[in-house]
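Each of the two complexes below includes chain A, the first together with chain B, the second together with chain C.
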Partner chain A sequence: MQLSSLLLAGKGKSLTSLFSLLYLILFLPACIVGYTLTPKKWKKYFLLLASYGFFWLISGELVIYLIISTFSVHYFGIWIDRLSGQMKAQLAELPKEQRKQAKAGFVKKQRGVVTLAAVLHIGLLLVLKYSPFFTTNVNTLLNKLGLSVSLEIPKYLMPIGISFFTLQAVSYIVDVYRGVIKADGDLLRLALFMSFFPQIIEGPICRYSETAEQLWNVKPIEYRNLTFGLQRILFGMLKKVVVADRLNLLVSAVFDTKNNYQGGIIAIGAVCYTVQLYMDFSGSMDAVVGTAQIFGITMPENFKRPFFSKTISEFWKRWHISLGAWFRDYIFYPVTTAKKMKKLTSSARKKLGNHYGPLVAGSIALFCVWFCNGLWHGSAWSFIFFGMYHFALILIGNMLEPPVQAVNKKLHIDPKRFWYRLLQIIRTCVLVVIGELFFRARGLRAGLDLFKRMVTDFSFSTLDNRLLKTLHADRYDFAIVGVTLLIIFVVSVLNEKGVCIRESLSKKHVVIRWAVLYALLLYIIIFGAYGLGYKPVDPMYAQY
Partner chain B sequence: MERLIEILEDIQPDVDYASCTDLIDGHYLSSLAIISLIAELEEEYDITVPAVEIVPDNFNSAERIMKMIERLQEEY
Partner chain C sequence: MPTVIKNALRALIFVLGLVLMLFLLSKAFSPAEGTIADGVHSIESNGIYAEAENSIDVIFLGDSVVYSGISPLQIWSEYGIPTYCCSTSAQKLWYTEDMLRKAFSCQSPKLVMMEADALFSKFNFDDSAMHKAEGVLPIFKYHDRWKQLARQATGDKSNERTAEDYKGYRLNFKNKPAANTGYMKQKLKIETLPSRNRSYFKKIKDYCEEHGARLVLFSCPNTKHWNNARHKEIAKLADEYGLDFIDLNTLTKDVSIDWSRDTRDGGDHLNYYGAAKATAYLGKYLNSLGSFADRRRDPEYQSWNDDAEGFLEIIAKKTK
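What follows is the complex of A and B.
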């Protein structure tokens, strides 16, 4: 579904980007001023009001979904907590030998409540997001069976960010059930956790234990937090406005037009899209983390330099970390620790050994994770394919681990050597780019066609100035993107080595500090892709 | 403790379980090894290890694993 259609009921599309002028010049400064002027004990309510105001501006009356979701998790949480209290009181009065059985009864009740809550929340998401996809496929099947029946394809308006706040809501309920957190009796505190404005569009998917208390016990704005936060937003802006937006027309030309580009040009398009997606999403996360920091709140990081990963498995621990962690904690572990799966692990280990034995149950859980991951990104076969592609890569990686180790040992290859790790990183990047080609293509068939042409007709012979014109790009664009990526690469290498650039900069002389910041701002103003002839990319993850 | 170390050595040999305190953070135990370990612990100690217990802190050393087992055995 396109972002524009999601916004039919929205009031202000430009607010959906944390880099829009409306947000940066009006909304954020107004929030900072309003927050500063608000007395300390009312600051949290100001943040809640600002968050709901923001959501109203981007989603209009669809804010009702967020309100219902918040009320729902609030009462489900209290219900589960009440059952826990009853269980503890009753078990304390029973002799030890009767406790296990009594506990099982309560746990069964609690599980029923958690299941009901999860079904309601995920079910709503499924209906809103996937029923058109499901109905279309049913119609195709009916048509193939020769039946002249056709179901009406439903059209729903979805609020932006529903995929994010639904996962946050489910994690809250499950964490209360698991005893990780106590149910929140304060509806407003829970409402702020669910709606905090910088993260509502594209995440990160926070856990209640990570942010709820911080948000509620907000502090006055400090100079250090303000400057560090603004610097982080500025860095995100560099990624988004200079790189992601500049590549938008080129990517669009390769993926959205019917020009039959050569394989080499498709490969350039796929690489540019991968770079664009990373710059857009991680840039937005910089803005989220930076905005939160202004208010003294530490948000979890969603990216840790994913293109330095040596394996696909590692890549997904560094890319969209909060989503991966959600799938790990609420799908992978529950599946692998289910009773039948544990039995399967024990018996398979006896037959297949220490590596391949647990891989049997592990691969079933991985399949569930990657099927859901693909589907979470969108209701289309191309997204399911994307999930299955990564499932296959991770599974193959796991299966090949013992023979690769044996070959390395035999040939005396040290996997810690720089060139070996570099080759691993290059291989991972190539595999990621192929996956993103399918992710961006307009449907699975288009993706397969692009991939086929990329492999069978891999050549750059048609790449000249005339072709660059059809791609809406010239040497100037490539030079700007190249230099900016180099700057971001240097920053990433330093971050990877544990250097915090903002920290180092803050220790420099005031003239140097401001000179660097002005230089960065000027760089964005001069080389940013905005105005006539450019088409800024909508926040890419907002539509998921 | 001895039995626990035997189980660990059976799943992942060549690690000094008596002294190692970063089994997870040091990548000595992979996620596959953890899956096997949980299945074995449940069978051996008659406990249930819920998903919420699968955090590095509970699995970083044999001592931590033993503490988790004792805690889960105590729970009614």
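What follows is the complex of A and C.
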């Protein structure tokens, strides 16, 4: 192995995920050792260097986008802050009656700067990510109008993680404008916040107030943090290597081949994809949170046992939490609190009452959120459909709330009863799986076709060993996935009840502690879907 | 004792314990040497273990284009030369080297035909690291045999894999025409040999030399992963080491592949019809070397005649 050539070759793609061997046996241990040996006041710079090294290994020369983005938010932030300072100074000098007008002028200027920054950052993302989709649709439209003009479809190389660090950049600018945080005068501190290596591939989308200071004031590695962090990474590995990677070939067979599977098999494929996505993404988040914990940094959690949700609305508060919160804070709230929306709400409240009145403006904001959410996941109609599907479900859920409550009251049904909550959870899971079917399908038409077959031809009559072979799975694959999901389910139930397993384990005798860790390690090594004959899945959310 | 040292010692003992367990598990999971179960990836290519010792004269190495495009039983029925395809899908060069060693552990082929597609197949740090780990602790290689062990334990025969005895060739009649018939002019992402691949190739060449086998490079017809630049690169490599190089992509007169009929997946792999043409040419080439006796009348090779008969019967039925 020629390490020097590997690192110098760069060009991206040398490092593929937080579960790649390059990361686990070389990059992370080197970071831990290097960080430990670095004097305390230089540790933050070491982390910054490691983060840029990491980004170089995954994206090569495309690291330039991250550098430009960091410089841009830094100077935009300072500009907004400077305007605030000027405003305060000038307002102090002005007589009271002139202050309002002067303030409005400054606010207008600040808004202009925020808009410019947002347009530049989001605009870059739009060009890189969406211009091929846009051009393709324009060509289709021109074709339908009978015009024989065809625009060239642009192809851009997009750095991994741009969708994540762009949202992080916009949140920083808006938070400076809102006065939630002060603009950071230290370019390197901001650079570390933007680039911290575990989170750069798949998030979570952090706020400056959550991680910037922690990252800058890092402390030496503590034994407890090290062991807890490694255990968390190991748990993520269990999800990713044993479950997500094992289901990969099956999911590909159902969604990427033209075998006309029966509806029942498509349903199995959709369930398996939902499980795969969750295991892959939440497993990666375990690796992110675990790695950060090693360095004593607390990252925000991105998942909170989403499949225990009773409604779709609740599901999105537990699934990819940082993205939902971003849309809530930077799209939903600004839309609902706009002057026109407030007026609309007050007039609707008079006509429709206290429940349905606010829903009118809320639904418009919700539409914007879900349109953006769908589009954020990818530049295809199927993703927009995915967003609209969830918008419709949440809207229907909001509208049906009063009649459902009334029916429950009339029939003396207690919504807190276990069976009622269980039914709600099952309903939510079914709706989520249907949404994921469209999300995974290769295009909207393919999704609709799969859904139609799932509903009209729902049968398992062709399910035998021969069919399983075409799905690259056998009963043992299903058995091991089932057992692993059971382990994860038990851990989730305990977490839901507030039990921290690592904490409890750390209090046990060393023999028990080691036995559990050995069992987990050997379980992953034996039952992991790696090596010849398997096709590990690249981090699924990194492509969004 | 300071806490740091205490913790470091504890971690060291933990790791040593893990290595010991992996070592023991490696013993339990590794199959008996020289059995067909050696290797979890491909029974078809590992079937060479089932052949009589030192009975194979030629082996074909490479990725899926080899087992799709070369039919040893066709060569046998035409020239009586016993050959075998030691190929697996997406074969990386380190695996090619492994296959070569495996083949030589039970055979003494005089000629090794190496397909060039795998020479351009890049492998990363993870591939190399895993390969090294597999060498030290075979559990990483055979971990998936838990299924086989579970089947044995439960007497389950439902999903037992049996190799159809086509000597490593995988018969396929599917047809999906290729669109890019002008593929020799196309641009491909990798057109020069990655340095790591070059060093693995050197190892393979040296191994063949040490074992008295001649190495020949060849390339199967492929519209997706082949072009002029790759042809030139391999021709240069062959020149450098004084090897023969047969590029079936450029021999359009002798191997007239009809890309609308002879491929199963749009030009990536040949189907039976394409394989028959490619094999016919290579069979002729092997025969022209004059190094191989026709063994069709050799009583020790009677099973080959039986296998070839069965194979030809299936072909006749399918191509009716």
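Criterion: the second predicted complex is superposed on the first by the 531 of 544 C-alpha atoms of A that agree within 3 Å, B and C clash if a C-alpha of one lies under 4 Å from a C-alpha of the other, contacts with A are read in each partner's own complex, and residues count from 1 in each chain.
Following the convention adopted for this analysis, a contact is a pair of C-beta atoms (placed from the backbone, for glycine too) under 8 Å apart; a residue touches a chain by one contact, two chains touch by 3 or more.
The model shown is predicted, which means the values in this text are computed figures rather than measured ones.
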First (chain B), second (chain C), both or neither touched by A:Arg99: first
First, second, both or neither for A:Val511, with chain B first and chain C second: neither
Chain B versus chain C as contact partner of A:Tyr476, first or second or both or neither: second
First, second, both or neither for A:Ile526, with chain B first and chain C second: second
First (chain B), second (chain C), both or neither touched by A:Leu21: second
Touching partner for A:Gly179 - first (chain B), second (chain C), both, neither: first
Contact set on chain C toward chain A in their complex: 3, 7, 14, 17-18, 21-22, 25, 29, 40-42, 88, 95, 124-126, 128-130, 132, 134, 139-141, 143-144, 146-147, 150-151, 158-159, 195-196
Residues on chain A engaged by chain B in the complex (per definition of touch): 91, 96, 99-100, 103, 178-180, 329, 333-334, 336-337, 342-343, 345-346, 349, 354-355, 357-359, 361-362, 398
Touch list for chain A against partner chain C, complex: 1-2, 5-6, 13-14, 16, 20-22, 25-26, 223, 465, 468-469, 474-476, 514, 517-518, 521-522, 525-528, 530-533
Complex contacts: residues of chain B adjacent to chain A: 10-12, 31-33, 35-36, 38-40, 42-43, 49-52, 54, 76
